[in-house]
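Should a chain be cited, it is by its letter among A, B, C, D, E and F, assigned in written order, with residues numbered from 1 in that chain.
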């Protein structure tokens, strides 16, 4: 380039003219656009405008929409996913999420839970040999569904097909299993299940009823293939220290507003129809003798009588009995109970 | 550290063709031979780097209403420079790339990067981004061109690499072959991703 | 002369030879009957008896719970044993009244009214309504509703459906041979009730003796014509029958009354005759117990609520391994999980198939051979509906005719890819209804 | 209004700077390009009729061809001209050298964008060399009764080249025979 | 061959023989991006026809009365793209304000077209194109027609593509083929099918 | 998962027609056997070899891909065999043996399996394979044709009818008649410079007109009908193809709409425009166009491919007319002598749109 500089003389007219012409073009178009944007202004949703600002503006069409403005419009009014912008990358997604207020805090995260322990496996009782479209929705419509329990899982995997995150799998017993890591709580499986066996539960609640049968106890036992039906006996409701369980139509249900994950119900259930994910991983209570004043409050709240000790004497936890429900911890006036 | 990250992301993670699927027109049109792909890629890299630099420099003085026209003008200038320089010094390549040199202007990658990256980052990062993305683009072009040239002409960079008995599969360097080759390459990448 | 018919349709083997030659015989009073509260389209009937109560044959045990509903009567005398869930001939569980016979077989008093045709229209209608009659071809639309067209839709033609296009079934055929006069009288009653000038009896060509007999009976009737129809499934579907007989098209989503036509099954006509002349409630019907697995296929006049298992027993039981029991015809009937189901007013037959015949092949991807499009009697695109439902594109399914399907099963019958088109369409209809509800 | 003027002026400034820079670069590259083009044309002509001196002749229809003269004797060694026609997918341009009897000395494909691997093979010597020594009447592909063997699988390209050269050669010959071109 | 014949040749060439998408590789981004739904494909196609016609007209004038007289052909790219971008933006604003219904079906696609290389491509090609006699350069009307027919060619393949892709939505594709790979392969197959029009001698 | 002692329950209908996919496919293969026998009779063992190579390659490729995809292997259904067979039928007998192998592999992999297999492919895989071969190895596909023993490629056998001493009169015309397929001859005769040339060679007599006329004479047509001409393996005998087609129509495996409207359109258009420019038309002209080239093979066996043709009745009529129109346009003004495969491919691509535009109105629905 520099060599060239020396060898060529610069002609003013060769440069001045193009500068003039293209500059004039620029001025004209600049003015037209500026004026037009005022004259032909149309009101749009401020969020749409914000997103347009965030989007790259390359109008490449990779999102499948008609340009960036079209995509912004679709995000706000058409329910389009926010991660379709290829040139923008993850930064843009995050910014759009902010504008749309779609950031959900992790503590509120919900995951799907299947309320059936059957799952169409070999042991399930069948009413007939089903031959037909292999989807639950279709099978449920043929003679009331192929499994003898009219509440339970038919095992034709509508939920798995509905899950775009591959979060549902089948375990060795033929049960449908939800991978809580992968589950985003989108609710697609909830909609897909024709028997309404799936619902969304806060991720930090780990005790679930694994049955949806509203049959009476005897019938439920007869028809259930997994032999873990809820028979509506009510033992769990009685055991629950926080009254989170209620029995309606021969079926227990847990109120997750109240549930404290103690797992008492699961261990008490005669048909093992309550699943406790924390079993074996719970910490146990320990009373620090230093601060214990022997008020007996902890012993009173303990649902399994694992704490013993006389009034005004130091109390002790029987490790063999403690189930780690943590009920005693908040009750201790001296805050000397710890979970270890 | 960040500089290297911006520089290398275009190779695999944010590869403009295989991952972002941008700028397909030149990708398919010029990859009939490796040399064309290389030339196109480098031309685009130059434009990308320069426009990113300038856009990043002027980011504070561009009024939002005419942002896009200004960026287009900047990009178009560099494209024209490439066009002229290439015509002067690389006439053969200039001829075979033909129409697609001026069309670099409308390559989504370039305006996209200017908007999405350069207008929000400092000059150094923007240069890194431009070079990285450009080289990623070039790399992809060379990969596609390699497949097409070997299959369709039996050569690589003009050198014969197949036995003489190989009757070149012409379709690979024709239009349908361009689409199908890229389709299969993308499917291959998807497959590798799934395996992971 | 070319026989009348409709566009589209299929030609499955008619398989009527099993029971076609068996005259109607009476089924002896069974030990127990199960009388379902929904034997019809509309609201289930409300029981008016209680557990442990004794009922007479013909006594009202459940009454209609609205206009579009039906009265149910005891079909045997005995004790109400249970009101609970029993297997319905559609295969699902449903509420029913179980009556255990006390072998008395006493019936409520009937009186003969030979001048029934001179009765005023509302008396006729009332008698029909009291008798609890619904369409006996299968769909089970309450007859009194069908015979009460709105004033602005005058009816000029009544068609009796003696087509019986479903393979295997012969109950209507045998009934026509046995009770042709009564059926004719039934037709006249219907014509009077709706004020129609013209009556027609549609019969498929594979029942030449029924056609001949009916023609003989109608020889003197100026207003009544026997129409011989081409053997083609689904000739007996209401819309197709109307088109074949009168060349009129029922508008989509509309009822035959919109074009001035009422269609009734021949069995219904017979029941109407009995109800009007003797005020006899509908407590029995003719049913074909047929198919390759039945030892002696028969056409039985059986009390409503008789268990399929008892009926099969009466026919000599099952030969070989039973694969599939179909309540109704094989094209539109329901396969049953067990034979312990009580027949309803719409049960025209029970077809028992062997294992071989019952098995079906696995579904393959649609080949787009367009056989289903070619034969669809409703001029829809069945494969497209099925595929759209499969991939959740309800809009497309509706465009391709989801809501116009009559579920005759012709498409699934011809599909070389064994696609269960009808089931997909059914699923689609359910989903569509769900989606509409959400809106 | 002021705001709009400001926008307009900003765009104006950008455009002006851009075009200024481009114009400058153009002043640098344009001569190189022009020179190269001219050199290439001369080279091609010289390659077709080696050792000749070329004089530009303007035909009566405004097109240009060149007379090749012996630098010593000023004897006419032949003529060169450009022929072009629509091929399969592009306009194929050929430069042709003929002797005074209008027998082809050599041809060179100057510009084409035919199908790679097929029509594009027209640049290969195995095709172009066939033209050497052919008289105008022979300038047909063999399917049309000439002697030129078309490129395998690209009859249309081959035919277009042969036909364009023949037509142009006849034009030039007529021009010269009529004593046109001064 | 009269001018009508010339127009016919131009139409056949632009639509079938040298189709913008399948033979010239122009406008691939919207071709692959906006062909997921039939309705948007049709809207996009109409918008492209409109803009290509308009752009052909304006750029022809700019080329003839500005660039050539002042011998600044090298500024073609910058002048054309500036013109096209401004033009499209202007038209979009006008339609959005004055014809909201039209905007919904057609206008929303306009911004996408600014960076559609087919538009700039046709503008540049028009300046170097010849009529079928291979000597007469395109005049004003030729350019407009060529822009129009090129747009039609784009629309034809775009809409056909949308139809095929809608079928592919309801097919059991191998997982790795879903999305872009299958779209590209369909595009390749379409290009192959269009080979039947190659070498037309009209 | 179902216990075997329970009754079978499935949704209605409980009866099924006996036609299955394998059934259909093998019937089509059977219907192609006469054509294969004719080809073997005319060209010998090599025709059989090429055909079977194509078919077997297709089957093997399908099996391998299905194995890799871990889906059930369905090669027994005959669809892959049929694809391979049809592909080989579109290759001439002088082609190298690897041509049908590569073509069949491409047809099965790109034409069919990437879309998920039978029923999902957008275009006819055999035709796609052929188009691929044409684009990849045009010279192999278009040169080295073999004539039927003792017959001219063009089917014009009584040369003196044209001119007693054709070989001396115009060697070029002689070459043309003896070495080009009938459609090739017809195409070349549309080239005005060629026509002027041979007519000049022959001293001003209308040689081109004579050659063209002899194409549509009864004797040539007879040769076309029985297959005494050059051509691709499967195109050889109109008679054999009609035999197969009649069988398929009788068996109700193919519909009548597409073939009828395809051939009908070709008939009408070739009658109107098929003659040489400036000369009149003849009723034999349509027969020439119908019996020559791949039209019958295409119309009955490829344009009727279920998967790639419209579902609707009206759509199939549109499809047939479109194919016919394009075929004639390509034959008369296109770049190839034969246009059957490209026209069917093109219409395949348009099929979803045709389906969309010709959706039937349901029985009893009134037109809006």
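Assume a contact is a pair of C-beta atoms (placed from the backbone, for glycine too) under 8 Å apart; a residue touches a chain by one contact, two chains touch by 3 or more.
Computed from a prediction, not measured in an experiment: that's the story for all the values here.
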Overlap of the subunit B and subunit D neighbour lists contains A, E, F
Counting C-beta pairs in contact for A-C and for A-E, the higher total belongs to A-E
Max Cα-centre separation from subunit E goes to chain C
Expressed in whole Å, how far the mean CA point of subunit D lies from that of subunit F is 43
Dist(centroid_CA(subunit A), centroid_CA(subunit B)) in Å evaluates to 41
The distance between the C-alpha centres of subunit D and subunit E, rounded to whole Å, is 30
Subunit B to subunit E, mean C-alpha position gap in Å, rounds to 22
Subunit B residues touching 2+ other chains are 21-22, 65-66, 68-69, 73, 76-77, 80, 84, 108, 111, 170-171, 174, 176-177, 180, 187
Touching at least 2 other chains, the residues of subunit D are 7, 10-11, 14-15, 18-19, 22-23, 26, 30, 88, 118, 156
Contacts with two or more other chains occur in subunit F at residues 6-11, 110, 114, 116-117, 119-120, 132, 135, 138, 335, 355
Pairwise touch list, complete, is A-B, A-C, A-D, A-E, A-F, B-D, B-E, B-F, C-E, C-F, D-E, D-F, E-F
Subunit A contacts subunit D in the complex at 1, 4, 8, 10-11, 14-15, 17-31, 33-35, 38
Note: in the complex, subunit A contacts subunit B through residues 26, 29-30, 33-34, 37, 53, 56-60, 62, 86-89, 91-92
Subunit E partner, complex, touching residues on subunit D are 15, 18-19, 22-23, 26, 30, 84-86, 88-89, 91, 156
Counting only contacts in the complex, subunit F reaches subunit C at residues 6-17, 19-21, 23-24, 116-120, 255, 306-313, 316, 355, 359-366
In the complex, the residues of subunit E that touch subunit C are 169-172
